[in-house]
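Take a look at the structures below.
One chain, subunit A, appears in both complexes that follow, with subunit B as partner in the first and subunit C in the second.
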Partner chain A sequence: MITKRQATEATALLLMAVVPLVFGGNAYIMGLITLVVIYAITLIGLDVTVGYLGQVNLGHAAFMALGAYAAGLATTKLGWSMAPSLLAAMLVGLVTGALLALPALRLEGPQFALATLSFASLVVILLNELEGLTNGAQGLSLVRPALFGIKLSPAGFYWMCLALLSLIWMGMRNLLSSHWGRSFEALRDSPIATDAVGVSVYGRKVTAFALGSSLGGLAGGLYGFDFQYLQPDSFRYDLMVILLLGVVLGGRKSLWGALLGAVLIVMLPNLLSARPVFATIAILGFVASLLAAWHRRRISSTISFQAAAPIAATGLMVLGGLFAQSLEDWRKAVFALILFAVVVGLPEGVMGCVERALAGLFRVGRRPLPLPCSLDEVLPAQEPDQEPGLENNGAVRLEVVGLSCRFGGLVALDRFNMKVRAGEVHGLIGPNGSGKSTAINVISGLYPPATGYVRLDGRLLPSGNLVRAARAGIGRTFQNLQLFFGLSALENVMVALRHVYCLPLPLIMLGFGVREEETARSEALSLLNLVGLGDHAEIKAQDLPYGAQRFLEIARALACRPRLLILDEPAAGLSLPDIKTLLGIMDRIRERRIPVILIEHHMDVVAQLCDRVTVLDGGKVIATGTPGEIQTDPEVIRAYLGSIACTGGACTGVANNKTSSAAC
Partner chain B sequence: MLTIEKLTAGYGASAVLHGIDLSVADGQVVAVIGPNGAGKTTLMRTISGLLSARSGHIRLDGQEIGQIPANRLARLSLAHVPEGRRVFAPLSVEDNLLLGGYSRLPKLFGFASKARPDLDRVYDLFPKLRERRRQSAGTLSGGEQQMLAIGRALMIKPRLLLLDEPSMGLAPVMVQEVFATIKRLRSEGTTMLLVEQFAESALALADYAYVMEGGRIAFSGRASDLAVDPRVIEIYLNGGDQGNAP
Partner chain C sequence: MELINNGQMLVSGAAMGFVYALVAYGFQMTYATSKSINFGQGELVMVSTFISLTAAESGLPYALVVPLGLLVGAGLGLFVERVAVRFALAQKSEGWILMTIILGLFAISAAENIWGKDERPFPTPIGRASLDIGGGIGVTPVELSVALGVILVMVLIEVFRRWTLLGKAVDAVSADRDAAELMGISATTAIAISYALSGAVAAFAGILVAPITSVGPSMAATLILKAFSVAVVAGLQSGGGVAVVGIGLGILESLASFHIGSGWRETPGLILLILALALRPNGIFGKAIIRKV
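Entry: the complex of A and B
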């Protein structure tokens, strides 16, 4: 079945393919459209880092340079033909991209941008200085090689580029609709939670960066064969700025945006040369920003910077168009004004707006939800007790021995010991700042311990590494919610379903990931049902009510098939009806015999749920026992529970526990 | 002191508050209770100007404040203790408090002498903060940070104090202390609007209470009446059956 989206894409491809048949004789137009296609390829690559990873990448032009020279040298020095040269260009981009990303992606934000910037200037200098190989600033002339023995006409070369663009488009489309695309969204929303479900943020980023760079390399190779002349200086900052302009102008995180951006950056310089065209564009932009401001007025009565800035920028362009002698001289100023107007007025780029207006043509239609699969498939019941029948004496699943953790001079955790048995819900309570959060952060690998170790099912847990701890079987939630807020509830859970996804990246790009995706959807739905969110599967996490967000985190942690589940204050801020839902969820988790560590301040929740409780104060364990024992322990009352005879209802927890702990 | 009429507000395209009517009289403590997602925090954010009102009126002593942004509202002596405390973690306790009073203290001369009595008043209320006044706020425990957040708000000498879930995420012993503090502030005549999940404690403290559901006021009444109202007891107080749990 062909969707509307596929039909739109096919139409666009067909239109682009017939251009040479109409304008084939016009070398100027052929040059322009070939450049559009090449830029589209490189912008798709750049969009991977700038859009999907949300990293400012200033090194993309350098990958184009490397690709261009790799392909150029392969033909001139080695006499390779088209296909292997382009493959070489792509591989050079891929390898250097990975080599740059491995150290650079350990850096954050501006530092990463600077690292890519210095890489870019290094590459240009190197190409200039290696005169023996590259001819330096003299430039490298080359002859366009044959493709499989066929000499390509300009139209033929254009069609080849277009074919490559279509392949890349499909590959990226498959990649983005797979769990890879989802994990890009996830790691921008919450890198810490992405790591905590066992999906390595660093690994994904390096792979994606290398992939983007390989597209840059390929586009560079095509660029070289298009112009048949290479000079290091054509890949300087100017090109980088133009590429970034293309991505931002066209619209980030969108294949269509990359194509549109390519059209814009190729056409803009040409449009500027004709004064009437420029004036029309400036006036249209001015009117559009006025209309947008007027439209926005209805929502809020104050005029925002967002509405005013584009009016000022386009206004300047209209005025400038009246007075400037030669527009060519002002080219960069005009670019700057356009960039400013778009960044402020259309943060999602031109395509972001178009996609919203014509959602039907570009968005993936909502697939109907599959039937949820049975819970036993998603969460196979954990291995039964070695010694059944002995109450509270099941096999030890988690063993924490002598764990200490210091922050500067502060001892957050002091020789902390704890055991969690099979099927047990183990409470961890204590005053604020007593080390509870530190304890679970060390167990789940967020902080490395100073001393001590943790064993899960007899095996030593990797310390100080969230991803590896998660893969070893730790599932956790966070005290301050760490959801992937831009994803739907279903997708939040799907990100964590690691055990479903086994296909390697190339096969996913070829479109073989569909079956995995269906399995993941039905498993995710079944987990959502477990926490009572089955009816909210397609709602964005940010639009869910607070209580549902808490439950969604639990479902996501369960999707990792945890051998130990850590819940950090799941009832914090929940109203009473929601707390009752939480108790129900906990029952269902207990049925699956997953051991749980529960941090909680609501004492009635602790009393109802926990088999055993460990109490921390000042980083040390001050008591362990059943909830009943804990509540009568004078030390615990002093440090944590407070006087029972307090005023108001703040101690309802304590008062009610008398009854509820009896039920436990 | 505070009157709200037909207030609507929301984020982006979605509306959260659908016509709220509410009033707080001078010296009164008014509680707002309700389930998660009812719009309680949004209401607080709208009153304190962090979110602008879509329609309706918010009046503070007769002055319309629905469109005044938060930084200017602070100068009108309206203080907001936000959900989750939000202290300035790297700054010292004393600097946190001084920033709280920034809007009404002289900027150049006589700053220290003017600020001293206000600081002392807060330190008297929270002796723990005096002990730790040189410590950076991020190193305080959760309960102490809540005290600091309230202290910071008091530095404005507020006509109206908005308290959003002051007990959230605190150990029982600290919850008791927070409520004891609120009680003290009440006895000193501070006008307060309080959002709280511990409905029983909130109703015990308040003079009047509103129950919010789905962005609307479901019903309201004197706090002592609501505390025995079956509609409240069943959902918000532990009167309903405690357990579908074992």
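Entry: the complex of A and C
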């Protein structure tokens, strides 16, 4: 079945393919459209980091340079033909991209941008200085090699580029609609939660960056064969700015945006050489930003920066268009003004706006939900052995021994010991600041312990690594919600269904991921049913009511098939009916015999749910036992209420009321 | 001869190193308050130095050129904060990286058109005749003025931060923005002040270095990458340390350009930066950040 989207794409491809048949004789037009296709490939690559990963990448021009020189040297020095040279260009981009990403992507924000910027400068210096290999600043002339023995005409070369673009387009489409694309959304919303479901943010980012860089390398190789002359300086800062302009102007996170951006940046130099055209477009931009400001004015009475900045920028462009002596001299300033107006006034880019307008016109039909599969398939019940709940009964699943954790001078956790048995719900309580959250953060790998270790099912748990702990079987929720707010409830759960996704990345890009995707949808739906959210599957997480968001986190943690589930204050802030739902969910989890650690301040919830309870105070365990034992423990009463000397039932009643009201 | 050459390289490299340290110091100030830095700081240095040059050429005495340059730098810093940083910070996005790059791009284009693309000498009343400091190694008064000027500014700013109410307010915002705002300190104002100071410091670095390197649009790019390297290697969070790293880098690149070739002048800084990011991403003097949930 052909969807509307595929039909649009096929039409666009066909239109682009027939251009040489009409304008084949016109070298100028052929040059322009070839460049558009090459830029589109490189912009798709750049969009991976700038758009999908949301990080400012200033090194993309360097990957183009490396690819261009790799392909150029492969033909000139080694005599390779077209296909292997381009493959070499792509590989060089992939490998150098991975090498840069490995250290750089452990960084966030400005440090990452700086790392890519200095890498780019380093590459240009190297290409300039290694004269023996690259001819340095003199430049490298090369002859376009044959493709499988066929000498390519300009039209032939263009068609080859177009074919590559279509392949890349399809591959990216498949990638983005798979769990990879979903994890990109997830890691921008909450990197910690992405790690905590065992999907490595770092691994995904490095892979995606290397992939984007390989497209840069490929585009660089094509660029070299297009111009048949290479110079290190053509890959400097200026090119990077132009590439960023293309992505931002076209629209981030969009394949169409990349193509549109490529068209725009190829047109720009021609725009600058024709003053009347430039002035007209500048005036149009000015009017558009005035209109936008007027439109916004009706909503709020003050003129915002977002409205004023594009007016100022386009206003300057109008002045430039009318009075500047030579627009070519002011090229960079014009780029800067356009970029500025777009970044502030049109952050989604041109394509973002078009897509929003189109979405209003044509409603895109939702894919129908599949039938949920049986819960036993998703969440196999864990080994049913002895009766749970009884003292020293049931195999020990989690064993925490001598765990300590310090933050500077503060000892948050002091030689903490704990055992969780099969099928048991184990409460972890204590006054505020007693170290409960630190304890589960160390167990789940968020913080490395200073001393001690954790065993899960007899095996040592990796310490200080959220991803590896999750893969070893720890599933957890968070005290402050860490949902993927931009994704639907169903997709939130799908991100965590690691066991469903086995296909390697290349096969996914070739489009073999569809079956996995269907399985994941039905399994996710079944988990949503477990927490009572089956009817809300397609609602965005941010639009769910608060209680439902808490339950969604539990469903997501269960999707990891945890061997131990950690719930961090699941009842915090819940209304009474929601607490009833939570109790129901806990019953169903207990049926699957998944061991649970429950941090909770509602003592009635603790008393009702927990088989055993461990009480922490000042980082130390002060009591362990059944809820009944804990409630009468004098040490526990002192920790909660201070040193009131009392014994017996009357005081524990006070303790209960006090703690449960303190939690509200 | 070899030894003397190396010694001479050491001295001139150290003088440049002081300048890198000063610009890097400016980065740390804005990073402390707002977790953002001006990617167009090199262009800011260039524009403010060009304005100072124009003032000096029109007959303004040097004693007035310096304060004028500082004022211009502070003004440009405020402009950058208002136009490129505040909006992005309000949206909690990293858009300021792109926005400050854009401003820098505009500045460099404007400078090329207003002052031309050629390198121009910067007049100074301080002597250029080399003084022998022993062993045939010479140091010029200009180089000395750079070192002294940089130290003076750093001391002044430390005094401002520790002993004035305004400085303490800026420090409070650096330590904990939310808590400072609850105490009635305007974080926006503190960030603006840090940008103004950072701009003034950068402008001063330009005035100090211009007699040695001359003024031109290209001074932006060469200065900025090294200042970045110094700031990152020393640690963006730490106040001290930049001087040590800056001088070290200045010496290293001066030796590299002398022994390997002038085209390689920039490589030590870039390699150092990438190494530091790979091995100690929070810098030599920086502290590790705890992930919070």
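Just so it is clear, the second predicted complex is superposed on the first by the 621 of 664 C-alpha atoms of A that agree within 3 Å, B and C clash if a C-alpha of one lies under 4 Å from a C-alpha of the other, contacts with A are read in each partner's own complex, and residues count from 1 in each chain.
Here is the rule we use: a contact is a pair of C-beta atoms (placed from the backbone, for glycine too) under 8 Å apart; a residue touches a chain by one contact, two chains touch by 3 or more.
Computed from a predicted structure; not experimentally measured.
Which partner does A:115 reach: the first (subunit B), the second (subunit C), both, or neither?
In the superposition, A:115 touches subunit C alone.
Between subunit B (first) and subunit C (second), which does A:480 come into contact with in this model arrangement: first, second, both, or neither?
A:480: touches subunit B and subunit C.
Just subunit B (first), just subunit C (second), both, or neither: which does A:578 touch?
Only subunit B is touched by A:578; subunit C is not.
Please indicate which partner A:639 is in contact with in the superposed arrangement: first for subunit B, second for subunit C, both, or neither.
A:639 sits against subunit B, while subunit C stays out of touch.
Contacts for A:547 in the overlay, against subunit B (first) and subunit C (second): which applies, first, second, both or neither?
Touch partner of A:547: subunit B, not subunit C.
Overlap the subunit B and subunit C contact sets on subunit A and report the shared residues.
In the superposed arrangement, which is not itself an observed complex, subunit A uses residues 479-480 for both subunit B and subunit C.
Under the touch definition given earlier, write down the residues of subunit A that touch subunit B in their complex.
Answer in residue numbers: 299-302, 410, 429-433, 479-480, 543, 545-548, 569, 572-578, 580, 583-584, 586-587, 601, 603-604, 608-609, 639-643, 646-654, 656, 659-660, 663-664.
Could you pull out which subunit C residues touch subunit A in their complex?
31, 35-37, 39, 83, 86-87, 94-95, 97-99, 101-103, 105-106, 108-110, 112-113, 221, 225, 228-229, 232, 236, 261, 263-264, 266-267, 269-271, 273-274, 277-278, 281, 290-291, 293
Can you name the residues of subunit B that touch subunit A in the complex?
Those in contact with subunit A are residues 14, 34-37, 52, 54, 67, 83-84, 139-144, 165, 167-180, 183, 197-201, 203-205, 235-238, 240, 242-246.
What does subunit A use to touch subunit C in their complex?
Residues 54-56, 58, 102-104, 106-107, 109-111, 113-115, 117-119, 121-122, 125, 128-129, 192, 237, 241, 244, 248, 305-306, 309, 329-333, 335-337, 339-340, 343-344, 347, 407, 437, 441, 446-447, 478-480, 482 of subunit A touch subunit C in their complex.
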